[in-house]
Each structure stands twice: as C-alpha cells, then as structure tokens.
Amino acid sequence: MSNFVALLFSGLTLGAIYTLVSLGIVILYKATGIVNAAQFGLVGLGAYLAFWASTDLGLPLVAAYLLSIAVMALVGVGLERLAYAPLRSRPVDSVFLSTLAGGFAFVGLIVLWYDAEPRSLASPFGLETVEILGAPVPKHSLFVIVVCAIAVAALSWAFNRTRMGRQVRALAFDRDAARLQGIPVNRLSIITFALASAMAGLAGTLLGPVAALTPEMGLSPMLFAFGAAIIGGFGRFGGVVAGAVLLGLVEQFGGGYISTNWREVFPFAAMLLIIAFRPEGLFGGEARARL
Amino acid sequence: MADRFANRKRALKAGVGALLSAIVCAACGNGGGTGTAAEGDGANRPLVLGSVFALTGPQSQAPYVNGVRFAVEEINAAGGVNGQKIELKEYDDALNAQKSASAAQLAVSEGVDVVIGGPTAIQTNAAAPIYQRAGVVHLNMASSTAVAKDESFGGDRTFRVVTPMPEQIHAAAEYLIKEVKVKKVGLLGLNTDFGQNALPLYAEKFQAAGVEVIDSKLYPQDAKDLTNELLAMRGADAIVDWGFPNQFALATKTAYQNGMGDIPHLGPSAVGIVNTLGLVPVENRDSLIGMSSCDPAADTRPHVQEWAKRFQARFDAVADASAASGYDAVQLAKAAVEAAGSLDRAKIAEALTTLTLSQNTMCASTYKSDDRHELMHEAVVISYAKGEPKELARYTAAELAGTGRKQG
Amino acid sequence: MLASDRRTGTAAPGRRRAAAVGGLPPVYGRRHYLTVAVVLAVIALAGAGNTGNMYQISVFNTALTASVATVGLYFAYQLGGMFAFSQAAFMGIGAYTSAILTPEHGFVFAAGVALIVAAVLAYLLAFLLRDAKHMYFAIGAMAFAEIAVLVFRNWEVTAGPTGGGMLYGIAPPSVAGYEFATSGQIFWFLLAVLGVVLLLSVLLERSPLRRHALAVKAIPQVTESNGIDPRRSAMTLFTYGSTLGALAGVLQAHSLGTIAPEAFEVGVAINLYLMLLLGGVGSMWGGVAGAFFLTWLPEFLRPVKEYETVVYSLLLLATIVLFPNGIVGGVAWLAEKVRHRRRGGRSSGVTTHA
Amino acid sequence: MLEATDIRVKFGGNTAVDGVSLRLGRGEVVGLVGPNGSGKTSFLNAICGIVPATGSLTLRGVPVPMGRPLKVRAAGLSRTFQTPQVFDDLTCVENVMLSGERFRRTGFLGATLGRRRMLRDEHERTERARRALATVGLDGMWDRPAKGLAYGQARYLEIARALAGEPAVIALDEPSAGLNAEETNRLAELLRSVSEQGVSLLIVDHKIEYLSRICDRIDVLELGRLIASGPPERVFQDPAVIEAYLGT
C-alpha cells in the first residue's frame, strides 16, 4: 500500500511537470499556430535562472523562483519579436524543426553560461516529507502538484472566462476570420509567447529540485509533453492534463510493478498505441485537421 | 564530467572570437591539415602529445583535459622531455563514436606520438583500433572497457592508466564485506554500459561472500524519479549505486526521504563530483562513500595536497581523480620517452611495459604495467561525511592486481 | 531498367531539359542520371584527393553514410509526407541486425537480412500509424524510436543488460571475398552503395509513385475520388525511406567497427532532418548536400572548442532562415538567375523541386 | 448507368439529404438544381462516398457500397469539385494521368522490377491524358505546371481528369461557377460533346439557361428532398420550383 502511494505521488509529480510543459506548447499553438519544440531549452533556461538567482544573487528560493519565471516571460517576448517573424509563413513541420534547432541553441548558451556539469537547485522545502498512508511523500512533490493545479485552474479560467481567452479561442478556430474581426493578433501572440515560456520556466524551476540541473534536462519532459498534448488532441486543457498525468503514472507504476529496466518503455508504448488506435487523441481535438 | 572556465567574461569574449574564427575556418575549407606521422627516427624533434576528450556539449571531460594541460605546462616549464618542449595537441571527440573516430584519425594524421584519451567506452571502442593500426601509443582512461593488450581491439601500443573497473569493484566489495560487514546489499546502476557492466560483477562478488543481494536495478540516464528503485532496496544495510553524479544525487535524496539516509551509499568516482558540486545538501552526505582510482582531495601524501592547491589556483577547479589521472598520464609518457631515449613509438611502448613510475604521480603511488598493459591497480574508498573527503581504505596493487582478469 | 528508360529516350542527357520526351511527362526527361553521375564524380574527386589523409576520408565516410539516410528521409518525409523521426532508430535496427549476423553468415547476407527486417518493421509501423497525420505521426515515430533504443540497450541479443548494447570489433564490409579494410577502401565501397541508392531512387522519381505521392500530399481526398489510395504511396515511400535508413546503419556499423545505442537516439534523427532541411528538402540531392554540409561543419568548428554547440546551432538557425529551400534551392535559384541573364529573361521553368 | 435510391445524409442533428433517389441512363445529362443548402453537393459527396450516408447505389448495374470513394471511382463514377482541385506541383498531363481506370504497376515494384511494362502503361496514360486535354481544349498546355493555370483552365483540367478515367458517369459540382457567359457557352458545348460519347452527366448548378440547353432532365432539390423532376422547359414552369427559387 505504502509503495502504491509513493509511486502514485511520484507519478503525479512527473505528470504535473509534463502538464506545465505541455500546456505551454498547446497555448502557443492555439494562439499562433506554431508548434514550439524549443520548449525544452526554455525549461532548462528557467531552471538555471532560478539557480543563478539563488546562488549568485543569493536570493531566497521562492524569490529566485519568481524572478526566473518573470525573466522567462521576457525571454518569451524576445522570442516572439526575434524568432517568430521568420517562422510565421512556414509550414508547421519546418517550424517544428527550426524550433528544435533553436532549443539546442539554448542548451549551447546554458553550457557557455554555467558549463556542462550538473547543478542542484534546492527546494523551499528541502528534503522534508509528510507521511501519507504510511508512505513518506516529499513536500516538494506536493508543492509541485499544488502549483501545477493552480496554474491549470488559472489558465482555464483565463481561457474560458476572459475576453483575451475568447479571442485566443477564436484564433485557434479560424485564424483569418479572427484577423478580419479585428482581433489583436500581434498582441495576443506576444502575450502567449510570454505565457508559454513562463510556464516552461515554472516547469524548469519545479523540476530542478526533483532531479539535478543539466543543460538538456528539458528534453525528455518535452517528449512526454508532446505525447500528452497529442493524447489530449492538442485541444481542451482537461485532455492535456489527463494525458500528462496518465504518462507520469504509467511510467511509475509500469516501472514499479512490471520492470524498472524497461520503465521508460511503458509511457512510449502508451503514446504509440493511443496514436495508432485513437489518432485524434483520447479526448478528441479541434486542432487535428490543421496539424 | 566536471568542467569550469576560469572566468565567464573571458569565456564570452572568446565566444565572439570563436564565432569569427569559425566562419574564417569554414571559409578556409580544409578540416585539418595533414601532418607527418613519423614512425621510427625521433632525432631531436619535440614529443607530439595528443589529448582527445569531449570538450563540447552537455557532457564535457574538462578535468582530464586540465590535468593533461597542467602536466605539460609544468614539464615544459622545467625544460621539457629530452631537452625538447612537449607539443600538446587537443582534440574534441564529443562523446560520440563517429566523432571519436574522426578525432582519432585527425590526431593520427597530425602525427601525434602518444595519445591520451577515451574515458568512456563509446570513445575508446571507436578510437582504440585506429591508434593501434597507426601504431600510436595510446594511454587509455576508460575504466569500464575491455581495452588492454590482447583484448579484441587493444594491442601492443595500448595501455590503461586508470584502475580497471572490475578491480575497483573488487575493492569496493571487499570493503563492504570486510569493513562494513554488510549482510544484505541492494544494487543500483545506470542503464548504460557503465552500470550494466558493473552490477553483475558486484552480484558475483557478494554472492561468493554469502552476502544477500536484495535486488539489482538499472535506472535510465535521464531519470527524474528513483522512488521505485529505492523502495526495492529497503532492508539493505548498504546500497551500491553505480551511476553518474546527477542520478547518484537523486538516489541519495530519495534514499534519505525514504528513511534509508543512514545506511552506506557507495558509488564510483562520481560521488566525489556530487560532493564538490554540492548536488546533495551537506547534512545528507554522511552516508556517501566513493570508490575511485584515487581522490587528491582526500590524499594524505603532502606532494599531492600541494599539487591539488596549485591545480586549484591554475584552473579555479577542484582537482579530482580525473585531473590526477590526466596529469599522471603525461608523466608516464615523459618517463617512457626518456627511458626509450627516442621518439620511436615501438621503443616508447616497449619502455612503458618495463618502467616503474612513482615520482610525482598524483593518482597512483606507483605505475607498473602488468602483462595486460594495465598500468594501475590501486583504489581508494573515500567517505564524504560532512562534505569532507576522508580516505577510509586504500587497496594496493598487491591486493588488486588481476582480480578483474576475466572481466571486460 | 535503365536501358528501358533509354529505349524510350527518356534518359538521354543533353536533350532539352524538362521536355516531354518520348511522349512521357517532363519528369522523365530530367537529367537525373547525369546528375547522379556528376554528384558521384564530385564526391569521388574530392575524396580521391584525400585518400592519403585518413582523417579526411573518415569524415567523408561519415558523410556518405549520412547521405544514404537523408536520401531515405527525403522519400519518407518529403514525398511520403511521413514525419520520420524514426530514421535513426531504423539505422540502429539495420546496424545491430547486420553486426550480429555478420560473424556467422558474412556481410552481404547479414546486410540483406537487416534491410528486410527494417523494411518489415517500417511497413508495420506505417500501417499502425496510417491514420496519424503530421505531428501525430511525428510523435508516434518518436515513441517508436525511444522504444527501439531501449531495446538495443536492454535486450540480450543486442549485448543487452550486461553490455550497454555496445558492440565493437565489427568486421569491415566484405563483398565476394574482397574485404574493404582501410578507410580508403571503405570510401569507395560507400560511394558505390550511394550510387546504387541514388539510381534506385531516380527510378522511383521517374515513376507514377512520385506523381501519386505529390498528389496525395497535396489533397488526399481528391486523389481518393480519382481512384488512388492515399495511404498506399505514403506507406510504400516510408518503408523505402526507412529501409535506406537501415542501410545507412549497416554501413555505419561496418565502417566504424563499433555501435552503441546512443548513436541511434531521436537526437540523431533530428540531425538527419536538419541535414535534409539545410540541403534542400525539395529534392534528394538536397539530402546529399545537407549530409556533407552538416558532417563537415562540426569538423570546421573544431577550433571553436567549447563554443561549438552554440555556434553550431546558431549557424543552423541562420541557414534555415536565410535559405528556405536549402543549399540546393539556393544554387538552383542562382543558376536560374544566371540563365535568366544569359537568355535575355526567358525562364526555363526550373523549380527547386529539381 | 447510375441508380441511387433513398440517399440520406445527416450532419449531427440536421438532415442534409433526405431520401433522394435518382437514375441516369447512358449518355443522359441531368441537371440537379435547387437553392443553396438544399443538399445538392451533399448528395454528390454521398454518392461519391466522401461523406457517410445511407441508401443504395448501383453503377453500370453493379451495386456499390456507400462511403467507399475508391470503389465508387472504380465502378465508373468520377467527379469534379465546386472549386477546381488541381495539383499545382504537377504538370497538366500529370494531373490528368492521376485518373486512370487502373493503377497496376504504379508502386515500388512497378518503378523498379516491372519497369518496362510500367513505362508502357505510362505511355498509354500519357496518350489518354493528352486526348482528354485535347477534348477540353487544353492541348499545348501539356507540360505546363498546373500552378500557372487560369481559373477556367483549371476547371477544364479537372473535367479532363474526370474524362481520362473513362467513367460511365461524371458528376460535376457547379462547373459554370466563376465562368463568364462566353466561357459558359464553351462549357456547354464541351459537356454536350462529352455526353455524345456516351458518358452520362450529373450536373449540379445554378445557371438555368445553359442547363436547359444541354440537360435531358432537371431534378430540383429543396431542403434535401426531390420536389420536381422532368424536362427542363416543364420543370422551370413548375410553380413549386419557382416558389422554391423565389423563396431564396
């Protein structure tokens, strides 16, 4: 039982992190039609920014986290201004590849900034744990899950209740029509770029204390995030969250109850099968036609 | 694995320069000139020393590079080898087989006499045959491969400077069994050749000594969570964890969180890096034990401590086992050339098989080749309690030599 | 086969380019065979100049191997419209199969089996993902690749859970008793293989398959109501492309003498994509050009040491942004400009889909 | 030639086509008219198998399953689209060659091992394609990429593609859309000559005057139902029809 609980929480923690990365990708796609594969670089950058703020600047951890997220938002704006323009007119897949290359540029920059060795980012909760049904659950895991839940709630509120949200949904539905209706496309794309990379940053700062910081630390979370987005049909947030959590749990329980040596196989096999037999994702997706 | 630049401003300036030089070089076309691969002769020309490690990308092997540079600088400052300054050529093999092959080919074509490199199996598997074919003397740094004389691709020009992994494992097992007196151990390892080669050897040693192996698990290189693996180790009175620094750190934290923070947690030289980089909070390091060829930080020999200080001053980095091995490799090359009295590679190799080196070596106390061209058979067990490296035990060639014979 | 092309007069170089020769559409009149000859000749000359320098040759060999893989990618991705992130994994499948079988059965047989295995797996994957489009297929292929690498790493057969999936001392290629032992000999062997691959690919270019594929890629529904099964050409081309990937893997294993799972991870497939993109996604020549460009670039960047990663990716971005149609596209564009000037402005309808 | 009985198409809640039956004889030309949204295009899509539908369909007396475009095409029904669907990357000839009545040896083996016979087939297809292009008056454009075509030409190219398949029936979706009066007359000429070759035509369109010139029969749809059917002159006098049109 206690094993089950422990695995459940570590699965949920991973799921939460995948969710954040994934939602960043989905929002950006909805608002700009860009599938941003540079997200993994941003995850790493966010983590290293927090590290920099907490060690070199000596800020308290929470402040460091917040600073990193804020800076990441600015990075997002910068990206929108610099990188988005040349991509705007390109087909979805060459954009995907260019952004991938961009992601590796971030990795290169991180290596230049804080060379290649692993770093460690502390959690505001250190290594403390709380006992849940006989299982010691790291407070940080709970922290990650809660933060992610809040982020998702805030996002879905923003998307479904605010004017901006409606505008973005309109964009996602029909870009040209939305333009004609005078929706401020440019402003929205700036905002969503900022939002997306801030979320990548958040994911990075939360992932940092879980594992160690390495320049490419964002890569495998991004693969899972894409899986989650696909399972969610690049559509409703609920679907994406469910997809992310599903992948996190599948990895942990697959590893726990079947075989650890093959633990990575399980989530990927799940992705493959879902894409094969439910091509539109488990939860349907409006974006399928265009992707 | 660890690398540090002296200061970042300079680094960034250099970066701009690098961009320019890159374009220039791309313009000039040729990827590297041909050199004179001089077999034989060696009448008054400098010893051309190749240093082939991963310099770029997320896994960099700078400590080896620095160790080599440091030795070359000191030797040249002291007048060089046979009155000639050493000519050091550095190559990047980016930890991938194809680049390792091309780097090796480049080194060969630029006429290196002795090459130092290949800390991982990927690099060594690709490069060793090339050096062997070209007749270049190869001082190898990979502990986990089979490289040595009369193994599939080694040969009379290939020597290993670091303690073969099987012997390190033998020492580690000995320590846990005899000193810690473990009854039950749990085995963890990285799911690459590094961990995969090690765990079966450990299992073998422990079972032979009647120690129960509770479980043996491999985890992925980008593991973000090791709860599974650690839960499987419950009940062990020691955990062996043969991984790289970041997973080792993750395992340590997870062990602590799951109430296993107090049982010995033994790993490879990566533990030293976990300590120097502070990947684990200092109050959680009491259980950490590192297994290594050596660790200058814990070495009691005065000349080593003094060397470590000089190194720190020169590179703004802690001198670790890798740095020390790199340094010693150069010393070995020097000694061999002097013994050979020429740059004839056959003679250099010949000299390496016979010479005994124990002056100003920073890792081993003595280097002496055995019949399989293994130059080093020493290992140390280090405790990192409170973040202060302390030597718990030292295993000498007498105890280790040959204990890894059938392995590789 | 070539003979028959020539009989219908479609192959004869020197005819007016892009003319409907022998009553067939212009594509049959393109100077494909001439281009193959030129490409091979250029590589041969460049290589022959360096056979003395093992380093240069080894880089050439890497580039030749990559070319085979990227040409495959061109068919799977550009024509077939399948986002083949599995290309590196198929290289691995080819490499491991032939490396494992060679000691027992010899190179040629082993390589043959490797290609068949890869072809079957590729077809199954394509069939499994037949309804997944674009990104969906991309992620599916990526998942397949990850699984493949894990298998290489953990399966006893591939030096599994006790050897890190690492094989070394793999014999160099040998055909009919002749062993291509040195890098220099391997260079000529690889060049010959590339030649065969290019010729075979030309045959596909000059066939209804290309026509169907382009149509299916553009408007699948319409091809369907014209009686063309939109899946068929895509699956065929994905299988062909992935099999070329496996061939590249075979070549890599036997020319390097060692393989490790790391060499077949998704990152490598991404690199292959960048090669194709940079070379010019519009044609298989782009694949070859890109393979050589991206193999040499890091070698040029050697002096840059620890800045390589960032310089490399920045140069990549720049090229992608500056040359939407890649190197070949750029060259075609230049050539067009020149021709324009010479012929007083009469365009000869060259497209980057050369 | 074509016999469609009780075709029904539902989109979610609303019924686009509500039990329409229709038959064409050999070489017969039928105009299918009706106000916008009366289900004309849906009906075409239904019998072409593009949208899910119920009902039964026979071509050349052979029953054809619903919702299987490939089978429908093979059975001898080809179609054109409301906005011409041509492939820009291909030349005119290649566009037309896309529609052959059989596609043997067009795969990998055809391109390699069976190459000689494949090439022979290609010659045939090219010839057929050129004949078709000539019929629609696009001769001389053979090797032009379809990218450069004018709207009207693209329309003709599409018709040529339909013809090249040597179908029993061609269903045309608003062929006169976007054509001026003079072009429409040429279209009418073309369609008549096509029908004289024994191909039946099912034409969905608005321009009544040219329909009445070439059609043997006019069927009128309203709200997914067939409200009138008969010779043009009579149908267009029918008050119900006039009502339907004035209704729009």
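Read from first to last, the chains carry the letters A, B, C and D; within each, the first residue is number 1.
Assume a contact is a pair of C-beta atoms (placed from the backbone, for glycine too) under 8 Å apart; a residue touches a chain by one contact, two chains touch by 3 or more.
All values reported here derive from a predicted model rather than from experimental measurement.
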Partner chains shared by chain B and chain C (touch criterion as defined above): A
By mean C-alpha position, what chain is farthest away from chain C? D
Rounded to the nearest Å, the gap between Cα centres of chain A and chain C is 33
CA centroid of chain A to CA centroid of chain B, Å: 36
Using mean CA coordinates as chain centres, what's the gap between chain A and chain D in Å? 49
The distance between the C-alpha centres of chain C and chain D, rounded to whole Å, is 41
What positions in chain B touch 2 or more of the other chains? 3, 5, 15, 56-57, 60, 191, 218
Chain A touches at least 2 other chains through residues 107, 111-112, 115, 219, 261, 264
Junction residues of chain C - those touching two or more other chains: 154, 161, 306-307, 309-311, 314
Chains touch one another in the pairs A-B, A-C, B-C, C-D
In their complex, what parts of chain C are in touch with chain D? 1, 4-5, 8, 10, 18-20, 22-28, 200, 203-204, 206-209, 211-212, 214-215, 218-219, 221-229, 232-233, 236, 239-240, 349, 351, 353
Given the complex with chain B, which residues does chain C contribute to the contact? 52-59, 62, 153-154, 161-166, 168-169, 183, 252, 256-263, 296-311, 314-315
Give the list of chain B residues in touch with chain A in this complex. 1-5, 8, 11-12, 15, 56-60, 62, 191, 217-220, 222-225, 227-229, 231-232, 245-246, 249-250, 253, 256-259, 273, 277-281, 284
Touching residues of chain A toward chain B in the complex: what are they? 3, 6-7, 10, 13-14, 17, 107, 111-113, 115-120, 122, 126-127, 129, 136, 138, 207, 210-212, 214-217, 219-221, 252, 255-256, 260-261, 263-264
Can you tell me which positions in chain B touch chain C when the two form their complex? 3, 5, 14-15, 18-19, 21-22, 25-26, 31-32, 34, 55-57, 60, 90-92, 94-99, 101-102, 105-106, 108-110, 121-122, 125-126, 129-130, 134, 152-153, 191-194, 196-197, 199-200, 218
